[in-house]
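Below, chain A partners chain B and then partners chain C, in two separate complexes.
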Partner chain A sequence: MKQRVLMRVTAVAVVVLILAAATFSYQVRQNEHVVLTRFGKPIRVLAEPGLYGKWPWPVEMVNRFDVRLDFFETRLAEALTRDKRNVIVPVFVTWRIADPLRFLESLGSVPNARAKIDSLVTSAKNTTLGNYDYHQLVSTNRDDVKLDEIEERIVTLVAAQAQEDFGVEIAQVGIKRLALPEANTEFVLTRMRAEREQFAAKFRAEGRQAADEIRARTDAERTVLLAEAQQFAEETRGQAEADAARIYATAHSQDPEFYRFLRELEALRNVVGDNTTLVLDGKTPPFHHLLGPERERDER
Partner chain B sequence: MRTHQLVLNRRVGPTPIVQEGNVKATESRPLRNAAIVVAVVFLLMAVANVGFPAALAFAAWGAVVASIHALYFHLQTVDLEELAARERREATRSEARWSLQDVRVLERGSLLPAFQQRWQLLCLGVGVVVTGWLIWRAWQFRPEEYSESLLQLGIAAAIGPGVLLALLGRYVVVLGDKLETSGLTGVAQLARLAFWVGLVVAAGMATLLYAQLDHRLLAGRVIAVATGVLVVDAAVAALLRLYRPAVERESSGPVGSSLILEIVLRRSNPWEEASQRIESSLGVKLGETWGFRFVRRALVPLVLATAFLAWGSTIATVVPVGHKGVRVEMGRFVEPAIGPGWHWTLPWPFETIQIVPTGRVDELVLGFERDTGQPILWAEKHYEGEQNLLVGAGDEFLTISMPVQFRIRDPLAYLMNTTEAQVALEHLAYRELLRVTAGRDSFAVMTDQRAEVSAALQTGLQAAADARGLGLEVVWVGFRDIHPPVDVTRAYQDVVSAEEERQTLVEQARAYAARTLPAAKQEADRLRATSVAAAQRRTMLATGEARRFQQLTEAQREHPELFRTRLQLEALESALTKPAKLVLATEVTPDVTLDARQNKEAQKP
Partner chain C sequence: MLVLLYLASGVHRVAPNESALVLRFGKLQPQVHTPGLLFAWPPPVDEVIRVPVRSALEILLDDWGAPPEGSPAVTTMHPVRDGYTLTGDANVVHARLSVRYQIVDPVAAVFATQQREALSEAVLYQSLARVLARTSVDAALTTDRDLVRQETQRLAQQELDRLGLGLQLAAVEFRELLPARPVLPAFQEVVSAQVEARVLSQQAESYRAETLPGAQAEAYRVRQEAMADQHDRIARAKGEAQSFKVLLAESRQSPAVTRARLWAETWEVVAPKLQTTTVLPDTPGQLWLPAATGDRP
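Our next item is the complex of A and B:
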């Protein structure tokens, strides 16, 4: 029985001890800082890791702050460059809690801090972008691009205020992307399409031109070929004609009178056609026979 | 339990007025009063929790149920008083001793059966609708920032009525035991639950107040769901009652009590109950077995020893393969990181080992929000939330998909320097991507500068990650996909088509040439050949004719006169076979003119 009581006392003692250890002490990890408050009043800021003692809740309270770098992206916001172009420049912010006490007083929580820093940075970003031209954000000439300078200017604009008002160190502001508003995007896409269409049209025109050239050349060659052949043919025929004339002349010159006689007869044959009315002298042989003997005699 | 079968014949039909309650008039009255008080406190709780809609919904439901019970027991009280008056009259048989109140009671008749069968269901229905609307409102509710004093007030408002209701619930239970009735069990259960609801609300606010952890939404959701379950349970039970036989229905008490609550808040000890059940079915007295007695006696040391062992086991930690461990001594990270294997430490919380997966290669992909898993074809959307990368002189877009593979290289830096190293790496990767691609020609990025860009991105990203001490190593950066935006792709593809078309047109023209030129050559050859043949024919003809002439000449030389005459006459013959008319004139002079008409006239006479 006694043993049992002892056991129970031990159990209670252990529980009490654990509870006491949990409520009377706390650890600070290397990646966090702690603000100890007594009845809401901050009494200590601890940056060194280790085990520390405190009075239990509700007398003293431990407020832990993660002092590692936190990255978050600010809300998308459209801005205007100096040359009046609308751009959307998403930026991320790298920050850490530098002064836990001030942070506790002014912001309290990380979501709250992000919201406040977001406002600061977005405002500074829009201010800064108003001092730069569009080609200083993106350009084929690398020397024109001033992204790093813009980032640094934004940090300079917000760092002091964030440190003083919120106890927050702004380590970096990074430009993530460059984007254009929806309406402008559509026009850029249309322009890209037009640029491509120009090439397509050029290629097609080139094709038509080359094809036409080939066809024309072909037609010309064909004409020349035929003309040459025709020339040859004419020449050949002419030569033959001349030869023929010479042959005839040679032959006919042996008895020109006889040739004329023969040719006249032939002409006579050819000239008189079906519907010809022929008027002849009655003395023309053989018709003179029709005119009677005296006539025949007279003739003789 | 005592049973009274009471019949009042003033109303039509046999209408028993008191069934379930089974109590005397004097016993029904305290139940009614208790229900009224509970209803009032629930209303108070509802008012106190206006700022916390979930608790408000619960309190409203409690008030509805308590009101129905109060009404029920009020009507029962009235009926029982009438019964008592009647009994009094019958006992004395003297009308003169009737009091005025007795007469009033007798004249009214019983309202309880009608209430029990119809009106209480209607009341419950209204209550369900109202509570349902309140629950819906509670679900929509998003807690906002509260001042500290308001939160403290809220805790008090949640706890105060809760405690009061818990005490009342206890009282109602005792009352029910004393009167040997279960009529107010439903109300008692709700009242006891109100304490826990108040506690949950208070806890939600207290964590915000003292630990900056906002769990109010969760607390509200839990209460809203619990209230919803109770409401549905009560409504279903009330509806099921309609399907029970009329006699049973009439003998059941007021509606609104929950079956689930009855099971959860049963007053008997579940351990005892189970033990009794085993005893009755198996015939073994569990309480007397050796094991049971041992467990009972050694329970405390056993729990202690287990807890101690569990604590003691924190001195050994196994770092698995592909991981590294970081010793955390009283919150201080100890260099260097330790490799896989078995490691001894001081017990928790003095020293722990945080295990970090250093071997695993993770991947993040730049360029879009979600991969749809579709094939990567230019003209079809294959990612959701594709981001257009601005390149060239800021007037060209590219859509990309760049996987960045990385692993944890330095566990200490990984744990110490940034809150979320992966998120940080993604932000930095986008920044480097912008640096590397902006200003480059889009075609160059798509073609010959791909490798250059990904290499530049890898080195740049590694440098940026090191500068911020992310403790990550960029293993590989690739271009899985890079192309013009989907909307423009058709135009790009059309350029390729145009190039093909150009070639096609040229080929077609060449085909024309190939067809036309040989035909022309053939025609030319034909012309040449025919002309040569014609020339030959001409000269041959001439030669032949010349020969003929020569022969004729030779022939006529022998008898020229005869030859000529013959020829002449032959010619005349052949010529004169053709003419249509032949006129022979006796005298033909060169002046002779031939008038066919005159000749015709001359021939007439």
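Our next item is the complex of A and C:
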């Protein structure tokens, strides 16, 4: 009986202890800062993680703030560059609570903070873009593109105010993308198509020209090759003819009269064809034999 | 019994691809726990956070993807509906990325931000937009595609490091990089024009490859023939000169005989070719014709 009472007392004591621990203490987590308020009035800011004691609700209240980086994208809006071009430059913001007390007093909650920072950054963005030309947003000359500079300037523009008014540190403003108002894209697409058509025509023309050049060069080279060979052939044959003439001349000069005789005989062979009729007088050998022996004798 | 169960809830198993951090009363303990059993105090004293440090994590970035093929044709691009960005020469391009990364610093990965993936994604889009904004569309789509990828990874890594997220990008790959869907056919037309141009050049080159050796062979033949002719001509001249000398020598020894023989040889060749031979007698009026010979008594 006595033992049972003891057990009950122990059980009650444990429950009371746990409840007391839960209401009289709190933890500050590694990623948090805590603002402790007494009857709504901030009395302590705790940046060190660990276990702390407090008076239970409703005397003291624990306001926890996650001090890790928060990230959100600002609302999409058109902006105007210095050279009056409409652009859409969506930016995102990375920020953290730097001063929990001020944050609690000015904004209180993350959604609230995001809305405030959004309008702050958007107006800074519009101001900044107004100082840059379109070709500093997109350009094939990489030194012209100032996107990082624009981001830095937006941060510079909003950092001080965010810190002082909201206890917020702006860690980063990032340009996520470059876009154009829908109405302007039709022109861009038309221009892109026209550029491509131009390129296609140019490639075709260049290809044809290159091919024609190769063919023309080939034909010219072939002509030259053949002409040179022809010239060589004629020179060679001419030379041969001259050499032959010299050889003949050397030989024939030994007895020109005999040469003439031989040439005449050869000419005879060449001149007489199948239809040649020869008219001779009877004295011509060997036909003088046709006239009979008497004649021969007479002649003798 | 209950107390034992309660204490056992402080025992954790850390998987092989994980590291574990312990928060004691909310305060981070310096030791990073490796895979295996981890004995911690049960809540609310200790909180165990497990971080997949050795896993290859992947993000797919599809916001700027081209609309699927066969979607209705459009003539404008809506800034929200159509994901795209601009290149350096103000061309509209679509892109999809796949990004693999690893957690290299578990403490940073847990305590830098709560939106690790969303922030990393934004940083990657930012880097890609930055790189494309200074690259021409032709370079980005063809020659510099790999460079764009590498630059994007480098810029994004730089930004992630600056934010202290404790992440290491392992690979940034394009799953898609295309000109705006409405002008895609025009871009493809350029590619086929390039192919056509190349084919034309190749045809011309092969014409050249066929023609020149033929011409060279022809030129060689012409030269060779000329040289052969030259050889022949001189050989013939020498031969004829030689035979003239032989005849001349013969004729010097016996001029009359030689001449008569030569004459007779010629006559033997010439005479059969003659159709008729008419011999005029000494006395006028007497004509002997070969046809009449047979009639002679």
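Points to keep in mind about this one:
Criterion: the second predicted complex is superposed on the first by the 196 of 300 C-alpha atoms of A that agree within 3 Å, B and C clash if a C-alpha of one lies under 4 Å from a C-alpha of the other, contacts with A are read in each partner's own complex, and residues count from 1 in each chain.
FYI, a contact is a pair of C-beta atoms (placed from the backbone, for glycine too) under 8 Å apart; a residue touches a chain by one contact, two chains touch by 3 or more.
All figures in this text were calculated on a predicted structure; none of them were measured in a lab.
Shared-chain residue A:Ile247: touches chain B and chain C both. Once the two complexes are overlaid on the shared chain, A:Ile88 sits against chain C while remaining clear of chain B. When both complexes are overlaid on chain A, the residue A:Glu164 reaches neither chain B nor chain C. Judged by the touch definition given at the top, the superposed model places A:Ser109 against chain B, while chain C stays out of reach. Look at A:Ala183: by the touch rule set out above, it reaches chain C but stays clear of chain B.
By the document's definition of touching, both partners, chain B and chain C, reach A:Arg196.
Using the contact criterion defined above for the overlaid structures, shared-chain residue A:Gln27 touches chain B and also reaches chain C. By the touch criterion defined above, A:Met7 reaches chain B but does not reach chain C. When both complexes are overlaid on chain A, the residue A:Asp70 reaches chain B and chain C alike. Touched by chain B in one complex and by chain C in the other are residues 27-31, 49-51, 66, 68-71, 73, 92, 94, 137-142, 145, 147, 171-172, 174-180, 185, 188-189, 192-193, 196-197, 199-201, 203-204, 206-208, 210-215, 217-219, 221-222, 225-226, 228-230, 232-234, 236-237, 239-241, 243-245, 247-248, 250-252, 254-255, 258-259, 261-262, 265-266, 268-269, 272-282, 284, 286-287, 290-291 of chain A.
Interface residues of chain C, counted against chain A in their complex, comprise 23, 25-28, 44, 47, 64, 75-80, 84-92, 110-115, 118-119, 122-123, 125-126, 129-130, 133-137, 159, 162-163, 179-180, 182-183, 186-187, 189-190, 192-194, 196-201, 203-205, 207-208, 211-212, 214-216, 218-220, 222-223, 225-227, 229-231, 233-234, 236-238, 240-242, 244-245, 247-248, 251-252, 259, 262-263, 266-267, 269-270, 273-282, 288. Touching chain A in their complex are the following residues of chain B: 210, 212, 297, 300-301, 303-304, 307, 328, 330-333, 349-350, 387-397, 415-420, 423-424, 427-428, 430-431, 434-435, 438-441, 468-469, 484-485, 487-488, 490-492, 494-495, 497-499, 501-506, 508-510, 512-513, 516-517, 519-521, 523-528, 530-532, 534-539, 541-543, 545-547, 549-550, 552-553, 556, 564, 567-572, 574-576, 578-588, 592, 594, 596.
Residues 4, 7-8, 10-11, 14, 27-31, 49-51, 57-58, 61, 63, 66, 68-73, 92, 94, 108-109, 134-135, 137-142, 145, 147, 171-172, 174-180, 185, 188-189, 191-193, 196-197, 199-204, 206-208, 210-215, 217-219, 221-223, 225-226, 228-230, 232-237, 239-241, 243-245, 247-248, 250-252, 254-255, 258-259, 261-262, 265-266, 268-269, 271-282, 284-287, 290-291 of chain A are the ones touching chain B in the complex. Looking at the complex, you find that chain A touches chain C at residues 27-32, 48-51, 66, 68-71, 73, 76, 88, 92, 94, 137-142, 144-145, 147-148, 171-172, 174-183, 185-186, 188-189, 192-193, 196-197, 199-201, 203-204, 206-208, 210-215, 217-219, 221-222, 225-226, 228-230, 232-234, 236-237, 239-241, 243-245, 247-248, 250-252, 254-255, 258-259, 261-262, 265-266, 268-269, 272-284, 286-287, 290-291, 295.
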